[in-house]
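Some structures to go through are shown next.
There are two complexes below, and they share chain A, which is joined by chain B in the first and by chain C in the second.
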Partner chain A sequence: MPELPIWQFDTLFLIAVVLFGITALAMQNLMSAAIVFGAYSFLMCLIWTGMGAVDVAFTEAAVGAGVSTVFIVATIYNTGVSAKPKHPRVGFKLFAGVIAVATGALLLSALPDFPAWGDPQSPVNATVAPYYIENTIEDARVPNIVTTVLADYRGFDTLLETAVVFIACIAIYSILRVDSAKATVDEPDIIASPPAYDPTDSLIIRQASRIMVPFMQIFALYVIAHGHYSPGGGFQGGVILGASVILLCISFDLKFVLRQWTEKKIMLLTALGVLIYAAVGVACMFMGGDYLNYNALDPVLPGDMAYARYYGILLVEIGVGVTVMFSMIGIYMILASNGRFKRGL
Partner chain B sequence: MLLVLVRVIKGPTVIDRLVAVNVIGTKSIVLLLFSGIIFGQLDMFVDIALGYGLLNFIVSIAASRYYQHRRSLEQKGQPS
Partner chain C sequence: MEEIVPKFNYIVVVILMMTGLWSMLAQSNLIKKCIGMAIFQTGIILFFISIGAKDNASIPIVAKEPVNQALGQAHAPEGSQPQAKPELAAAKAKDYPNPPDVNKLTNPLTQILMLTAIVVGVATLGVGLALAQKVYQQHNSFDEDEILENQTK
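Entry: the complex of A and B
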């Protein structure tokens, strides 16, 4: 490979990212801050690709640039757009500044102990990585090493990550959900008055998203299933699937989607994904192996020993995808409808 | 790209920033494909670029829907 001007580009993007971060923090209008953070995510994604970390870049593109900005917009819709600046005392400001600078200095002081960027002699590159690189194809017949590390070698980590997504959804749900029967009526609420907009004026968006959504869903299924060969997997595919339903919520109406996907269904399916993942592990134990050791599933799956791990990874990715998809939809619906699951953005 | 960055940082109104971020998203797709050509694995980067392109416009639709609702609320004389 020829010498590439990669580090110049990295520096350029890094400066832009820092600029965006400062701009977003300095803004009083929360809407523009949210939008600038979207741009921040786009540039971070480019930096990841510059490092060759395509899976991370994909996650950043799906989560950071796509869905999280929509979450923030939905939150702003229910809370109001302008930040009310508080003026704390100067002593408190100094105190916070000192703590921030001290933490930064401590973190920077650890910098010389790190191995150089891309150093082949660093502990990670010298000991663990060669094993993965040499044995992935043999063990699991999966060309994308990241997928194998994520779902097979480090299956426990990913199981707990999926559980964390699930727990986050439950937490947001339990904090924000308002029982509409018990809710106080006199509470001044933006949502209480349905916006009187002409439904014909979003005809273009409706038709466009009607065409877009099936393609997005097919692409997301491809990302989940093809994660063995290309960047992607359960997390990214799940986010894109969730985003397609969120797009329906935005371009049509929250009510329109809630007719199909009631909150009960969404929460049950969020739990189902974690259940799939955990059940694959338990099935491995029943077949006489360790937890999440897919080799034990060999008798019930087609192909030879190595393909058992291949299919095991696929099953696990489907579980991750289901959980991520429905927790994204659930979180969006709660945020957009102010916890009432009725009307929203 | 730099000109658009200026618009994002300075941009007098939110709408300016929204359009500028959209342009950055579009340019990022092209840059992603270029880096795919540089790395010699275009097929991988096409996936990311597709995902990017699909998710890029959700934010703008959400923001425009936000302004639409906000305007209809303000017309009713409700404090926002």
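Entry: the complex of A and C
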């Protein structure tokens, strides 16, 4: 028996995660599948924390376990819950299983070539990554290396990822949005039969969320602003801000939130976030530097050259936060209201 | 066993990817396909995170050096001219180890790649769910077989 390079808890969680994933797929009720999938995401989060990836675990807790579960539930709310197949399709399932196992075997055949788990000298750990670790303080005065790499060293990457979130939001709008005034198709109303028990009636839930939401939002702003020193940043803070508004949508009513955050505002603010990010890059060019090279902003920002990058990172994180927050709210609203922006979950 | 134990993470990754792939191929329910896609995606993320993990390493945040910090506090009252503005005093370069010990911090690069992948993943999941919802509006079902029957009718 070789010495275990990993702790037993990790092994336990890894086995549990496989079981949870299979359970989520085996459920006959889609609502249960969504909840088990949320639990699966939380377990993943624990595993990643154990591996030292706190920022990723934070994002997964907010996004994977929180928002994606809510998206699935919102979709199911407008459609059906049952996942009972009409035909069992046993033969086809076996055939698909053979393909999946063959793919897995092909991947596993490469197993001896991989470095051992936790090897600090493996190619991925020993080539480019040490540069980031050694230079983050010197270059940007940001102790959280993930934030520096995210917004500075690989700023282009993050700009385009933010744009992808924005584009996905537009895609969902163009797929589902229905102008109910112009709708000529005899589509059924949003919900064929309203649920017997209306959860929005619960006084306890409404009061509890009324108290929770301001604290969630302050915490989210803290996560964005303190991302330089601790796990967090624009993505996580933006998702939490979005989740706080989604909580209001669920506990009160979609109409209640739409009074403040109209569809137009949400769409404009989603675009504004990407624009802030891109504008910081353009500002760098106007100041005589390269695109997204924050050193060029030194004359207008306080502190020395490294602090120009420090504040540049903060500016683009705010842009990321705005886009992510409003795209999450927009996607939720359009899924929950079946594209009509009138009423919903 | 000696081959498997140090590489257990890769085996779990492959199992998760197989589960996701099978679900995308074989499940007839569109929402289940979306969940399968998300499981496939977490498998890939787990792969990236586990190759970036290091033994006995901490999270990728550079910690202040305790010695310098103590010295800085001791000298603070008598220091006649602060070298930085007060609001910038929090992250002076001299407070931090230079350079930090690479082997004591996990790999940040794989983490940031996966951090953005998660957020993009939820956006693509949203697109998938929106498509499924649109299909439901047309056919009143998530079941592939029923949708096909409706179309041929």
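Convention: the second predicted complex is superposed on the first by the 314 of 345 C-alpha atoms of A that agree within 3 Å, B and C clash if a C-alpha of one lies under 4 Å from a C-alpha of the other, contacts with A are read in each partner's own complex, and residues count from 1 in each chain.
By our rule, a residue touches a chain if its C-beta (ideal position, glycine included) is under 8 Å from a C-beta of that chain, and two chains touch if they have at least 3 such contacts.
The shown structure was predicted, so the numbers you read here are calculated from the model rather than taken from an experiment.
**Student:** After the match on chain A, would you call chain B and chain C a fit or a clash?
**Tutor:** fit
**Student:** Have a look at where A:Val54 lands relative to chain B and chain C in the superposition and call it first, second, both or neither.
**Tutor:** both
**Student:** For A:Ala16, select first, second, both or neither according to whether it touches chain B, chain C, the two together, or no partner.
**Tutor:** first
**Student:** Looking at the overlay, what does A:Gly80 touch: chain B (first), chain C (second), both, or neither?
**Tutor:** Both partners, chain B and chain C.
**Student:** Could you say whether A:Asp290 touches chain B, chain C, both of them, or neither, answering first, second, both or neither?
**Tutor:** neither
**Student:** Which chain, chain B or chain C, is in touch with more residues of chain A?
**Tutor:** Comparing touch counts on chain A for chain B and chain C gives C.
**Student:** Looking at the overlay, does A:Met212 come into contact with chain B only (first), chain C only (second), both, or neither?
**Tutor:** first
**Student:** Quick one: is A:Ser230 in contact with chain B, with chain C, with both, or with neither? Answer first, second, both or neither.
**Tutor:** both
**Student:** Is A:Asn125 in contact with chain B, with chain C, with both, or with neither (first, second, both, neither)?
**Tutor:** second
**Student:** Using only C-alpha atoms, work out how near chain B sits to chain C after the chain A superposition, in angstrom.
**Tutor:** 7
**Student:** From the superposed pair, tell me which chain A residues show up as contacts to chain B and also as contacts to chain C.
**Tutor:** In chain A, residues 1, 4, 52, 54, 67, 76, 80, 230-231 are touched by chain B and also by chain C.
**Student:** Please output the residues of chain A touching chain B within their complex, sorted ascending.
**Tutor:** 1, 4, 16, 19-20, 23, 29, 31-32, 35-36, 38-39, 42-43, 45-46, 49-50, 52, 54, 57-58, 61-62, 65-67, 69-70, 73-74, 76-77, 80-81, 190, 193, 195-197, 202, 205, 209, 212, 215-216, 219, 223, 226, 230-232, 236, 240, 243, 246-247, 250-251, 345
**Student:** Contact residues on chain B for chain A in the complex?
**Tutor:** 5, 8-9, 11, 14, 17-18, 20-21, 24-25, 28, 31-32, 35, 38-40, 43-45, 47-48, 50-52, 54-56, 58-59, 61-63, 65-66, 68-70, 72-73, 76, 78, 80
**Student:** In the complex formed with chain A, which residues of chain C make contact?
**Tutor:** 1-3, 5-12, 14-23, 25-29, 31-32, 34-36, 38-39, 42, 45-46, 49-55, 57-64, 84-85, 87-88, 90-93, 96, 98-100, 102-103, 105-116, 118-127, 129-134, 136-137, 141-143, 145-146
**Student:** Which of the residues in chain A end up touching chain C in this complex?
**Tutor:** 1-2, 4-6, 11, 14-15, 17-18, 21-22, 24-25, 30, 33-34, 37, 40-41, 44, 47-48, 51-56, 59-60, 63-64, 67-68, 71-72, 75-76, 78-80, 83, 85-87, 89, 92-93, 96-97, 99-101, 103-104, 107-108, 111-112, 114-120, 122, 124-125, 128-130, 132-138, 141-146, 148-150, 154, 157-158, 161, 164-165, 168-169, 171-172, 175-176, 187, 228-231, 235, 239, 302-303, 306-307, 310, 324, 327-328, 331, 334-335, 338-339
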